[in-house]
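Naming follows writing order (A, B, C, D and E), and every chain is counted from residue 1.
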Amino acid sequence: MYNQTTGYLSRMIKFDNNRERRVRMYNPICSTVRQDAEKVKICVYDYNKDYVKQHELKDVREAFTFKENGNISWINIDGIRKADIEAIGEHFGIHPLIQEDILSIGQRPKMDEGDDIMYCLLNMLYFNEDTITVEQEQISIVLGKNFVITFQEDADRDVFNGIREKLNIPKSKLRSASADYLAYSMIDTIVDFYFVVMDKLSDKLEAVEEEIIRAASTRSLAQINSLRRELIVLRRNVLPVRDMVSGIIRSDSPLLDERVMRYFKDVSDHITQAADMVENYRDMIMSMQDLYLNKANIRLNEVMKVMAIVTCLMAPATVIGGIFGMNFDRIPYIHNRYGFFIAVALMLLVPVYMIYLFKKRGWFKRM
Amino acid sequence: MYNQTTGYLSRMIKFDNNRERRVRMYNPICSTVRQDAEKVKICVYDYNKDYVKQHELKDVREAFTFKENGNISWINIDGIRKADIEAIGEHFGIHPLIQEDILSIGQRPKMDEGDDIMYCLLNMLYFNEDTITVEQEQISIVLGKNFVITFQEDADRDVFNGIREKLNIPKSKLRSASADYLAYSMIDTIVDFYFVVMDKLSDKLEAVEEEIIRAASTRSLAQINSLRRELIVLRRNVLPVRDMVSGIIRSDSPLLDERVMRYFKDVSDHITQAADMVENYRDMIMSMQDLYLNKANIRLNEVMKVMAIVTCLMAPATVIGGIFGMNFDRIPYIHNRYGFFIAVALMLLVPVYMIYLFKKRGWFKRM
Amino acid sequence: MYNQTTGYLSRMIKFDNNRERRVRMYNPICSTVRQDAEKVKICVYDYNKDYVKQHELKDVREAFTFKENGNISWINIDGIRKADIEAIGEHFGIHPLIQEDILSIGQRPKMDEGDDIMYCLLNMLYFNEDTITVEQEQISIVLGKNFVITFQEDADRDVFNGIREKLNIPKSKLRSASADYLAYSMIDTIVDFYFVVMDKLSDKLEAVEEEIIRAASTRSLAQINSLRRELIVLRRNVLPVRDMVSGIIRSDSPLLDERVMRYFKDVSDHITQAADMVENYRDMIMSMQDLYLNKANIRLNEVMKVMAIVTCLMAPATVIGGIFGMNFDRIPYIHNRYGFFIAVALMLLVPVYMIYLFKKRGWFKRM
Amino acid sequence: MYNQTTGYLSRMIKFDNNRERRVRMYNPICSTVRQDAEKVKICVYDYNKDYVKQHELKDVREAFTFKENGNISWINIDGIRKADIEAIGEHFGIHPLIQEDILSIGQRPKMDEGDDIMYCLLNMLYFNEDTITVEQEQISIVLGKNFVITFQEDADRDVFNGIREKLNIPKSKLRSASADYLAYSMIDTIVDFYFVVMDKLSDKLEAVEEEIIRAASTRSLAQINSLRRELIVLRRNVLPVRDMVSGIIRSDSPLLDERVMRYFKDVSDHITQAADMVENYRDMIMSMQDLYLNKANIRLNEVMKVMAIVTCLMAPATVIGGIFGMNFDRIPYIHNRYGFFIAVALMLLVPVYMIYLFKKRGWFKRM
Amino acid sequence: MYNQTTGYLSRMIKFDNNRERRVRMYNPICSTVRQDAEKVKICVYDYNKDYVKQHELKDVREAFTFKENGNISWINIDGIRKADIEAIGEHFGIHPLIQEDILSIGQRPKMDEGDDIMYCLLNMLYFNEDTITVEQEQISIVLGKNFVITFQEDADRDVFNGIREKLNIPKSKLRSASADYLAYSMIDTIVDFYFVVMDKLSDKLEAVEEEIIRAASTRSLAQINSLRRELIVLRRNVLPVRDMVSGIIRSDSPLLDERVMRYFKDVSDHITQAADMVENYRDMIMSMQDLYLNKANIRLNEVMKVMAIVTCLMAPATVIGGIFGMNFDRIPYIHNRYGFFIAVALMLLVPVYMIYLFKKRGWFKRM
């Protein structure tokens, strides 16, 4: 399975409502918490305006030559191993603290500037339709003079296929631009994918709301709670990524070309929009919960009201039955031929009159 | 219909309470999400202090001549097509990212400055009296040295008729001023129209509140929810437009004359006022919901109280009936001529005394 | 009546709870919304340290001579007419946008600086004891080099009598100081009057709270709601006036003497205090509402509890009556001389024992 | 009593829950609101490193000589009279607006800088154990070149005895330092006393919480409300004093020695801690109120549940009694010797079985 | 026990729900509140790149020689005595106010800069598994030119064993770096330990949530409340430590090497993450409480509904019994052979039909 191949400890809050629930958090005191990945895949795109070549490497050390080979190089490493990070880190000038961040799990999205590099850590989000959960894959992006190194946890998926396609198009903006534009494209793609996840989450929200309106059941409440938890995962990613992008825009790193800044401002627009939408979803979930509780309450109250009314309507009949069931010698109408029918008629008429009264006061109207 | 002619996908949150509800959001990963408009209408106002001429164009390329013809030109394009935007964009120096914004749907209102242009994106709001919904039409305003280009989604409506009238008045401020004053007039008019929408929304609010006070029904709750959703549409427009106008005021673009700044400050006053009013409406809706729930609760409680009291008042009669219905040989008064009447009198007197007691304690008082 | 004489459209949120309610808002698109006042009263105080003269003018044009006559002149115009504002505006150098603000209704309190003038717009508040509402009268204060022009809506009332008295005292600070001190005195007086209004509102709050504690009724809830609305009027005035005064303090207008700044800081203290008090009143109203709802709930619960207990206590008697009312041939004690009394005694003793049990468990204790 | 001797109008919010409640606020329009104190006590500490002398003065004018006598002088005036303030103010260079602040009542704590003086206004707090209220005494501290003047409302109490003691110790820091250190000592002592008040309030909070846990009664709710009000008094003092101390730290007055600043930063730590504690108390009171309401609700629900269950359990017996009480000619078991006993046994067995069923479903379990 | 050996007064908010609860706060007016520790342990690590020696001292005065001995010295003092602090303070140049902070208890985490030292006060947190409480131990860190002095309350525990191990490793970063890196390592370790505490708290949270989902009982509510209180302890530490670390990063003290700043920024990342997690836990606790209350409510409502339904279903049988129990001469079917059975059948059929109706309306469905 996914978790096993990457040695990646599920660390986001996931609640399996009916049976078990696990909150696993990063315990930074245990420096060995990230197990080395079993499988590591290293892939380099080496390109310039007129040339592009894709290399599959066996060992991270083979990537060293791409540092200053004149072309722009995207070194993508799927599967994180401490030794690899340290080797790469030393050769490409990545500070030990940033190496630690790359190795960390459950880290808050962040941006950091080193002497000759810029570092971004954030999560790619996927929506798992089967478990209806938002899954995260941590990605580290290291931008250098003529290279971008990315560290992913999972070899089997990422969101960069669009970028790979554009790299193969000779005159694309991506091929002509410098390395910072490649880094921008990655962050932009990751943020764009947040909208895909939100879109799917929003479909689920709709489905649950429709279910509540049609026929609210305890299951609905469980689903609301579950969606709320997935939304928290989104929220915990979107808000710090907003800070991260602002940090890039404010940065005066020589690695960032003035013309690329405008592109980061565009990402900033999108992530701000995403933050707005997350807030809207929060409001929607809250009002869905209110709706559910109101509906549940109204249904219960209706039942109680009907029971109370029925019980109340039968009480006069009980009394009348009691009156003529008394053993007095002299009871009016007792020997009358129609006595019984008069009594039973009374038993019917009194509740009918009561119903008339109740109706007049609007007590049968549903609220 | 409106949506079909423009290829505009309804993307605001609309809930059709009783049947279906659709939350459609912009998915920025699908770059083809905005379908090209079927019909495009291009209209140019070319004017200076002494001269005004209105042109209907067939193709966007015909508009190129208006860029530097000495007059101020308002190029209004109804219906958005990718190819048109690119053509216009290249000739008038609109950055590809801004072109993307013009093409986007569901974008947050924003302001951007290019090399020789200033760009504003916001929504015109209309109140649809039939569906009781706030409808949006995205508008992009591009301000250049001597021209203003506007991109609208819907050819059949906008809020600029007042501006068109003033353009035909020879000595009007609009005719004498520079292009930035035209852009100001547009934003001012759009913001003024927010008040029209709020005014109508406020009328609906009043109507619902009166209905709740007169005779609250489940329909009222549905209406409150529906109004709350329309208010969210308003809120999501007003707050970012406030930021947008602040951005214009803080900007030091050479396109903005110092004397026009004072006019944008006036718009800022209005949009701040609008934001205040939106907050007031929110409070009003919240307290209306409280009012409804309180009234519903009070009515239910009243019913339950009456039922409980009636049931309780009849219990003694049942007991008395039971007492004299027992089959003991010796029962006092059983052979007495008035026995029955005494028993029935007791059945009446005990509840009467209970009513007296309850009343004394104020238990019949409505709360 | 007040509203008719001034053509002033009631524009604050007023709810007449039992019958009708009107939310009228300023629709800035209708530039003709403020009807010209029927009656206009113009009064000028012309003064310096040694001299004071009061003039009643027939036409605003007569006020022109006071602009640069060497003395300080307070031109007070009660009743707002478009033509007057334009005439005054042109002669005294008031920008058309500020003229628009003077004509506006429902405007948020604001401060603006023109080339040679400073402009303040705020509301005088009055507490109408009959309708228990906070009424507003918009006032515009234009401070120039040696003059202050004030525009009021209502000729029949303002809060400036204290200032008029001081103007007649030869050696008063007001007579010796420059025009900015007169403007300060006006704003100070208006803010001081907010406290008067709050004081009266607070008296009403107290009265309602006492009523709730003594005997809560539905009327109390209506009164709480009504007071809450009046508080919103206060709040919507106090908070922007605080911003307005801060704006004056930060301003570096040559019209404001450094020594007068200290006085505006004093106003700032007072308006901050007022904002604090408004927040306190909000808290008080909220906790009053809680108190009411708790009391209403407790009373209802008490009734329901008593009914449930009485019904429950009578059930055993019904059962016993039923037992001995069965028609079996052989029923113990049926022929016994004391059988009936034993049964009735049981009917009494069982509930007595139940009461004993219930009491022991504290179920009769009120919460 | 206290209020009479000082002519000090009780102006804090005090609620006497069971009988009456008075919210008296400062009405700044009535400039005569503070009645002149009947008794005034003036006491001067004149000291330097080697010398200390205490003087009791009859008239404020006698204090004039202490302004520039070379020593540091603490002039403490208990009891506030308008004429005294004006005399002192003129001689010691206190601006009329600051004189007004000294005379004010219900003023928000504030700091002000004059030409040669610094002015602080705050409240000393006392916890009145009898009425369980937080009482305030307004104090004005005027710091000059070599003097400190303090104005208190109440001659019979203040919190400065510790300072008086240290003044009598020859080599104490207080005796060696300049006048600003004396002012610091006063503010420090006042803030330290806030902790004493909080400590006592916290004891009361604990007592109420224990009472709620043991046996919640309506009295508890009243006590929670009352404590909440006292907390508001605290909160309204702590938060502005924090601003006041920040103002002193940011100030660049020549009256404040750089070395004394460090001491004010220490006061700032303490008042920040106090603000934190006030927030904690707020949370505690909120959760106490929740606890009370939950307990009250649980108890009521328990009663209702028991009543419903008992009523329900007796219904089958009523039905069985009714069945065998019918007057049909042929009723099974009616002539059977054990018929009656079988019926009564049924009346017992059915509820027993019902109890068994209910228990199995956990309906008797308390929540 | 712990508290006795150190003379440390338990000062965090601890609630022992069922019996007693104690809120003890620091009362800064009582300067003698911290009792002198009975036992004091002084331990010095004296080291440089090539050398390390551990000394156990008897008296604080022995530590004086380590101030300027060329090596870096970590002087750790377990157990706080006023006299020791004063001696150390005078020799190492610790300002009396910082000495006071070291002696204080219940102080808010803070950072302070002296002339030649930097001072940090914060709490080490431990999770006591037995009492399920978060315990605090106050620690003061004084960073000087070539020394670090730490003051701890409890000799029997701290979180620095990892540091002690690294000090014994010859070429470790710690041994090669300057004193500021040692101070960083301490703060980093303390913050890392907050995650350990949060991890354990999170385990408890999970356990309680599972219990609520399985079988909510009153105990669960008590546990939620208790966890909420422990979370407050965490929160009151995490938030001010975040401010403290920001203060260090902004500081321009010559004691802090530029290269060490990067490490403090790493701590800042961690403490920000911790603050995020605390907020998440708050949300989780809140939703757990909601979950509990909803479950409790649903269970109660279910019971009430069943009781109401059962009572209601039996009412018709009572009425039918009453009808045929009346003593009229002529009652239909009374002499019929199957009369009784028809009546009893009716008694069964009517409720069965009612059940059918109720089911059709969904009144038996659980919500």
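The rule is simple: a contact is a pair of C-beta atoms (placed from the backbone, for glycine too) under 8 Å apart; a residue touches a chain by one contact, two chains touch by 3 or more.
None of the values given here were measured: they were computed from a predicted structure.
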item: Cα-superposition angle relating the copies subunit D and subunit C, to nearest 5°; value: 70
item: Interface residue overlap between copies subunit B and subunit C, same or different (over half shared); value: different
item: Chain centre separation in whole Å, for subunit D relative to subunit B (CA means); value: 44
item: Inter-centroid spacing, subunit E versus subunit D (mean Cα positions, whole Å); value: 27
item: For subunit D, residues that touch 2 or more chains besides their own; value: 304, 308, 311, 315, 318, 321-322, 325-327, 331
item: Residues of subunit E touching subunit A in the complex; value: 192-193, 195-196, 198-199, 202, 205-206, 209-210, 213, 262-263, 265-266, 269-270, 272-273, 276-277, 280, 283-284, 287, 291, 294, 301, 304-305, 308-309, 311-312, 315-316, 318-319, 321-323, 325-332, 354, 358, 362-363, 365-367
item: Touching residues on subunit A, where the partner in the complex is subunit E; value: 13, 17-18, 20-23, 25-29, 95, 97, 100-101, 106-108, 110, 112, 216-218, 221, 225, 228, 232, 236, 293, 296, 299-300, 302-304, 306-308, 310-311, 314-315, 317-318, 320-322, 324-327, 331, 333-337, 339-340, 343-344, 347
